[in-house]
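To start, I am sharing the structure in question, which I have written as structure tokens.
Every chain is named by a letter (A, B, C, D and E) in the order it is written, and numbering of its residues begins at 1.
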Amino acid sequence: MNSLLTYIALLPLATAVLILLLPSALTSISKALALFASALVGVLSLYLWLHFDPQHALAFAVKAPWLPALGINFELAADGLNLPLVLLTGLLTPLAILGFWNHFPEDLKAQKHWAALLLLMESGALGTFLSQDLVLFYASWELILVPAYLLIGIYGGEQRRAATLQFFFYTFAGSLFMLVGIASLFYLQTAAGAEPSSSFVALQKLKIAFDGEGLASLASAQGLLFLAFGAAFFVKAPLLPLHAWLPATYRQAPGIVTLYLAAILSKMGTYGILKVLIPLCPQAVQAYSPVLMGLAALGIVYGALLAIVQTDLKSLIAYSSLSHVSYVLLGLFSLTEGGMGGALIQMLNHGIIIAGLFFVASILEQRRGSLLLKDFGGWSQATPVLAVCFFILTLGAVALPGTNGFVGEFMILVASFKASVGATVLAGLGVILGAVYMLQLYQKTMFGPLKEGDKPSDASFLEASFLTLLVAAVIGIGVAPQSFLERSQEAVHAVRSRFAEPTSAAWNTHSDQAVVSKGV
Amino acid sequence: METGNVLHLLSAYLFCLGLLALLLRRNTLIMLMGIELMLNAVNLSFVTFSRELNQLNGQLQVFFVITLAAAESAIGLSILVNIYRNFGSIKTDRTTSLRG
Amino acid sequence: MSFQDLFPVDSLSVLQWQAMFPLLVLGAASVLGLLVSPIPRAGRAFAFASVSGGALLSLIGLSFMSFQDPVSVLDGVLYFDRSSQVFSFVILAVTLGCCLLSVGFDKREHLVAELYPLMGFSAVGMIGLVSSRHLMMLFISLELMSLAVYVLVSMQRRSAEAAEAGLKYFLLGGAASSVFLFGVTLLYGTTGTLELSALAQSAQGLWQGQVPLLFALGLCLIAVGFLFKVGAFPFHSWVPDVYTGASTPVTGFMISGVKLAAVGLMLRLGAEIFALPGLLESHGALSQVLSVVTALTLIVGSLLGLVQNNVKRMLAYSTIAHTGYLLLGFMALTVGGQAAAADAIASYSVIYAVMNLGCFAVLTLVNPEGHDDLMLKDLAGLGRSRPVLAFALSVFLLSMAGIPPTAGFFGKYYLFLSAVSSGHIALTVLAALASVVSAAFYIKPLVVMYMDQPQDGVSAPSPRWFGAGLVVAITLVLTVVLGMLPAWVSHLL
Amino acid sequence: MGEAVVHVLAALAAFLGLFVVFARNPFTCAFALVGLMVCLGGIYGLIGAHFVAALQVIVYAGAIMVLFVFAIMLMNLNEEESEYSWGHWRTYAALLLSAAVFLILGSGVNAWLSDTRKPSSGVWTFDHVREVGGNVVALSGQLFSKDYIQFEIISLLLLVASVAALILAKRKVD
Amino acid sequence: MTTSTLSVLPLWILLLPLFGFLFNALAYPLAAGGTSKTHPGVAGSVASLFMGASFVLALLGYGKILGGADALHQPLYDWIHFGELKFSLALHLDPLSSMMTLIITGIGSLIHIYSIAYMSHEKGVSRFFAYLNLFCFAMLFLVLSDSLLGVFFGWEGVGLCSYLLISYWYSDEANVQAARKAFLANRVGDLGFVLAMALIYTQMGTLSFAELIAGVSGAAVAPWLFGAAALLFFAATGKSAQLPLYVWLPDAMAGPTPVSALIHAATMVTAGVYLFVRMHVFFELAPALMSFVAWIGVVTALLGGTIALVQTDIKKLLAYSTVSQLGFMFIAVGVGAYQTAMFHLMTHAFFKALLFLGAGSVIHACDGEQDMRKMGGLAKALPWTHLFMLVGSAAIAGLPVFSGFFSKDEILYMTLAQGRGNFLLFGLACVAAFLTALYAIRLLTLTFWGPSHFKGHPHESPLLMTGPLFVLAVLATFGGFLGIPHEWAHDAHQLSLWLSPVVAVTGGHEAALSEALVSGFAVLISVIGLGLGYAIFRKNPDLKVLGLEKLWAAKYYLDEIYQAVLVRPLHALGALVERGLEQGFMFRLGDWMGTGVQWSGDRLRAIQNGDLQAFTLLLVTGLVLVLGILWTWAHI
């Protein structure tokens, strides 16, 4: 039982505490310390990714009793589902710190806060991804709440107060309902006579009743559980009606925090759906999947529509993130193996692309001092490196074949086409609108005449290195995604086998006689 | 109606009178007397029950209750003096500065 | 039949003396403290030394004892078991903490030296309250604790608010105790004994569930008694006024110490009488009433807390909300028949005491000189002027809100667990909503401390008392460590 | 014969109780309360609790009520107007509530008297007490064999009360 | 399925342009320290070198296939293999794709050479050549890959390159808007493509052409087939600028002229036709759609022709001419004459590239002037260009001997000969051919003959530009002989022979009129058109046709309709949602909840008024309630 995962999950937490305790003389090294720790975690996560063999269900498992009385243990393991996300978090954090090196506030005390709180968030995210115990999952889920709140609240934009409060209450209320859900799971176990344990393996053996028709089924055990867990995950992802907190928070948060919120923390929501919601309430999710797919598809169009009319960079990218995440949700709720696999890799891709976009946005903001689109124009001549990287990231966001965006989009579209044609067509419309606002964003900033007396400096070495790595990832995964996909094959198959044959779209039932489909 | 019942009813009656004093009267002194009344009701109930149960235990507790009543009235009156010094009167409608 | 064999006086065994050791030591120390306090200059120091020394000594003594099999003195008058040990331990710790807390504050605010012995006496009452099964002994300890606290509340001679608070607490407390006492007489009258376990047996033996009305009325009156002390809804009106009126260390003592003892009493009565099989079920109405009381306590506690801008008053309402959570556990214990709920209540109250003690230690340090009402805006800019204090206060507040890395989360989860297991799903959801609303006002100080600038540029220089600093440190470490490793506090009883 | 005297004293106590609550002048309340306590002392004596009767008359009527009279004089409380007025809704609410409590407790007591499932009666009948040497002897035996711990704790309580009086009521504030 | 021999040739044909792109995009700018310091000569020649090498390999491939190998196959790798989704990429060179590779690499290299000179005065030209090479790589990927998915990769790749090349001069806002319009129009089409792929994959479980055609042949007509075919056609209209989605092509002229020649004449726009011919077995199963395609083709041809008549910008005229000629190809595909469509595709590539490059050299000579009314009388100043433009116009008009004559007439004949053809279609096609002749002569008269309005003194283009023009002129004249109709020569129609393994010739039943009669009639129409045109345009360039010219000049108000129907309502909806839902409701949701809770808190505060009497009242009421409930419970 090697403790690789404990290091990955707890190293950032330990360094954060160390940084907080640094005597005032040493605060200057807090940024470097944070970089070193996150880089170490990055290397470890890369090692984990390379040495992960898909057949072994729970690799590198670590299990230590945390609270035996209630059957809660500190249980971490890498399975196919969390591997890409652990890799994303592990690698993105040091790169983000590197990229944002001179975007940190000048005064040392603030730097110390930023470094420590960022590492706390990383530990929270990694804990959520790696934990195989529901209570540990909840604990690390909540861990990111306070650091994010403080970072946005103290160092955010002007109207940060309202944004942070909304962010806090939406997430906190959602997660409290999850807490009630976890408690009732414990009750269901004791009622079923099983020895109470909150590890996923044990929970999945639980037979939870699901009966009743339509809305009435919400009152059954599995329906209630679905609502409880759904509340937390749909707020975090966000699914359409629960997204009110997203634009304000992304707009007011400082650069690196928005990057973290969009790239990694929103994945906790979608990962939660795949890891917790679907396996625990398979029948419920299957019954509600048409409604959920509708909402997801609506989210894509809704986000895209709003992105088109935005006037400032960050809210445009924020709404685009809403649109892309709804895409991932569409894949998840299609409940097909390809759809869920596509959603999983799209989480990774969206993380990379949105990190790049927000990073570019904060570079533009730092150079120009304003975020309004009309203040930019023609930067392509002055900042070629930034322009090229930004363009390739835009292509990724537009899901051009050859970029990583297309991999996920194509798998999700093909898979969810089988589940519900209407939602897929709507999603397709969303992709077109996506091209509209992404090109609008790129052209308003990079093309067109350069404003007179406007000499923006090109990306610095650190910024350029971060961007090139992201671009490499965008093209690399776009061209050869199979190395990522094969690792999650078994895990997604296991989730898929949790429930019966999905109700495939109506019209292809009679197509059997017309076509002989041969497996290649 | 043998004595046991009468005395129980009397103790209940005195207890309610004590409550009434507390509810009705604005003068804190009378409220203190109300509390004394309730304690007396308790004593009466204790003694009557101990007589019915032929036990000494009840009467013994009365001993403690009486000492407690004494201590309580001592503290009550000193608080009253304190209130009088601060508010100039011992009416409860004056003492409402802590609110909301 | 000579006098001796009529009234046999059985001598106490070594084990019993050992069990009574903390009670005796603390009593003696408090009396000593009382004696030395009037000494002109050093009176305050001696009083503090004697009482805290006594508390420390009994704390150490207590920690060496192990009450696997309970020790009963005079068949139940004093009854020491795991739960009494745990609660006494925390009570002693809280008393020690409050004594440490008030060093320095009392000199600046001109509180009399008798503050410490009174705390000591109140602690003696509390220990009596949690380690006895004799109804009258419970009542007398309750009264000792309350009277001492009435005095502590109104001892701040300068402020009219303290006097008013003392008056309100005294009168309402007196009424509640009389109601409690009347209930005791009724129980005594209908079962013939004052000892809880004997009472339960005779109740079971005599009536097998079909409890006579008078016995049930007695139970209700007792319930009203301790519901008042705990601060449940209809009987909670005194909580905000008294906690705001009293000076900060006293409020700290009341919130963590007195509340804890009251919960110990509630647990004791709940486990011994109320959880009698067939008692509460037969009286479905009682459980309905209890759930309504819990729900209203949660709602009042969280909603009213939101609209406060005096920090102490806000924390007063937060304790009402916490009472709501504890009542949730109590309902699981009594109506739901969940024995594990006792464990949940015990661990939650321990964590609750630690959180609140730490919180009030910080408030004592931050309290402006002279006037005793700390407004929210006085905390502005604390994040910069006193970063450690601000961090500590934030951790305590977040722990009260139930955010995971802190102990508060685990306590709340454990309670939700037992509540849901006893089938009170609706109430648990209401509790979840209440904790969201209460999170709203727990966050307010955070917002003010970290995000606002103090009005006059620089916030008032707060004192650096060693005692209070120590308490803050210990409670901070405890809150975080218990959050990380809740196993220590999970299986107390 | 004793029974009748008890009933008379009970009626007298009840009557005096009304005065305590409704009299406007605190003096009348105080004296009514003293009268009430003496009646109760009488009742205790008649039903055999002689020690308690003595205690009641000496401590209660004697010490505590005297304390009250002192307080009344100290704060020269004369009759004040805002006591209670019959027009105010609060008065009727108070009456109604206390009447309700009385009725409920009364019905409880009646039901209990007719209830057959009574606990086994103790050993201390009248003559057994007389045989041992009287109520006081029996009580002191019981007190110092079974309940001496409460005795000790109650002493602490009295100590606290005296400290309280000292602290709160002291004239000059340093 | 024919046997295919494994060979690495297709891979190299594909990779060479990619290496060219990498050199010009990364290696050279890094070496030279920034794109602005790159020298057009070096960048251009290296790019042309790579294209030439790729052309040689394409010839080699042609030779191999000619020498008996049915097809060259090169499996690449499994792109996605996850659960029920299995996609793999492979290259497949068969007669059809070999012909396309020859066109792409052949005309591509000529245009590369031409642009060395054309772009010589530009600064930082390596970016231009990089994009050109990338475009060829994408186009080759499109024609070489053996599955719909591979085609889609190329499909979107060429869309991207056309965006980059149209907005090459990105400092001018108009170019950027045109590029965006092109990209979005293509995206709309591509959505159709993706949905078609999803539909086909859900039905057939595969996207590879071989398996699709095998699976579908002999199957009954199914509704989903029609759906998939319709979607693919919608995608083709996007890429090959047919009626609904053609609006982007005229604006694409904002890019440099070689770009227009390569992308918007020869290669990219023909992708739609190639797709139809590649999956003709699939489309045959949706006959209703095919006749619709034919009708769309003829209407687009007419539309393109009419608008070209009133254009004043030389490149816009040629752009609309391309739209019209593509219409012709879709007519051929619609009626089922796939080989004729490919034949016209080839000849069109030759003479349209010639015309565009010729126009380019005219513009180059008049240093950037594109408005024909400001030109005129250039014949003397630019003798060679004038000659080549003559050849080009003759070919497009369909004069005998020139390639246009053979391919266009075959289409006209096929509209009668094929099953789905009919007289009305034939008639309208003839009108379109007449229009073609008209605008061809308009171009010549306005630019070369008639009075000279041009201020400056135009100079003939250098050899680097006229060389490729010469080669194209030769191809434009003799290209037609590849497809001589059967009646006229014994081993006729080399092209249909060459394509027969891939595209089976569908039996054309005897048409009402013989092929010779139809071609004679066609020649008559073009000669009349040329004469009439010359007569009209010699006097004044503005055509008056009973008021129709205003409609044509305004491009049938199609742009305005799109703007009104699509773009403006989109923004309006977005703004409405932003103001109404997002700011109005969503953001304030939190505040409403906050104030709601606050309000109830204040109401509750009232019960806490600090009066002791109130507290005791509350306490006793609580007590009474508890006792009361107990009492009633005990007594019911």
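Everything below uses one rule, namely that contacts are C-beta pairs under 8 Å (C-beta built on N, C-alpha and C of every residue); 3 or more make two chains touch, one makes a residue touch a chain.
Since the structure is predicted, the reported quantities are computational estimates derived from the model, not experimental observations.
Participant: Give me the chains shared as neighbours by chain C and chain D.
Facilitator: Per touch definition, common to chain C and chain D: B, E.
Participant: Greatest Cα-centroid separation from chain A: which chain?
Facilitator: Taking each chain's C-alpha mean as its centre, the farthest from chain A is D.
Participant: Where the centre of all protein Cα atoms falls, which chain's Cα centre is nearest to that point?
Facilitator: A
Participant: Could you please state the distance in Å, as a whole number, between where the Cα atoms of chain A are centred and where those of chain E are centred?
Facilitator: Here chain A and chain E have centroids separated by 37 Å.
Participant: Mind checking the centre-to-centre distance between chain A and chain B? Centres are C-alpha means, answer in whole Å.
Facilitator: Inter-chain centre distance comes to 66 Å.
Participant: Using mean C-alpha positions as chain centres, tell me how far chain D is from chain E in Å, no decimals.
Facilitator: It comes to 105 Å between the two C-alpha centres.
Participant: Could you grab the centroid distance between chain B and chain E? Build each centroid from C-alpha atoms only and quote it in angstrom.
Facilitator: Chain B and chain E have C-alpha centres separated by 99 Å.
Participant: Which residues of chain C are in contact with two or more other chains?
Facilitator: Expected reply: 136, 140, 143, 147, 150-151, 154, 157, 166-168, 171, 175, 179, 186, 189, 192-193, 213, 217, 240-241, 307, 440.
Participant: Which residues belonging to chain B are in contact with no fewer than two other chains?
Facilitator: 15, 19, 22-23, 26, 32, 34, 48, 52-53, 55, 57, 64, 68, 71-72, 75, 79-80, 82, 92-93, 95, 97-100
Participant: Would you please write down the residue numbers of chain A that are in contact with two or more other chains?
Facilitator: Counting only residues that touch two or more other chains, chain A contributes 165, 169.
Participant: Please list, in label order, each pair of chains that touches.
Facilitator: All chain pairs meeting the touch criterion are A-C, A-E, B-C, B-D, B-E, C-D, C-E, D-E.
Participant: Under the stated contact criterion, what part of chain D meets chain C in this complex?
Facilitator: 104-105, 107-109, 111-112, 115, 117, 119-122, 132, 137, 141-142, 144-147, 149-150, 152-154, 156-157, 159-161, 163-164, 166-168, 173-174
Participant: Give the list of chain E residues in touch with chain B in this complex.
Facilitator: Those in contact with chain B are residues 605, 608-613, 616-617, 620.
Participant: Spell out the residues on chain E that touch chain C in their complex, using ranges where they run on.
Facilitator: Interface residues on the chain E side: 594, 597-598, 600-602, 604-605, 607-608, 610, 612, 614-616, 618-619, 621-623, 625-627, 629-634.
Participant: In the complex, go through chain E and note every residue touching chain A.
Facilitator: Contact set of chain E toward chain A: 34-35, 77-86, 88, 149, 152-153, 156-157, 160, 167, 170-173, 176, 180, 183-184, 187-188, 191, 194-195, 197-199, 201-206, 208, 211, 215-216, 219-220, 222-225, 570-571, 573-575, 577-578, 582, 586-587, 589-591, 593-594.
Participant: Okay, in this complex, where on chain D does chain E touch?
Facilitator: Going by the criterion above, the answer is residues 90, 93-94, 97-98, 100-101, 104-105, 107-108.
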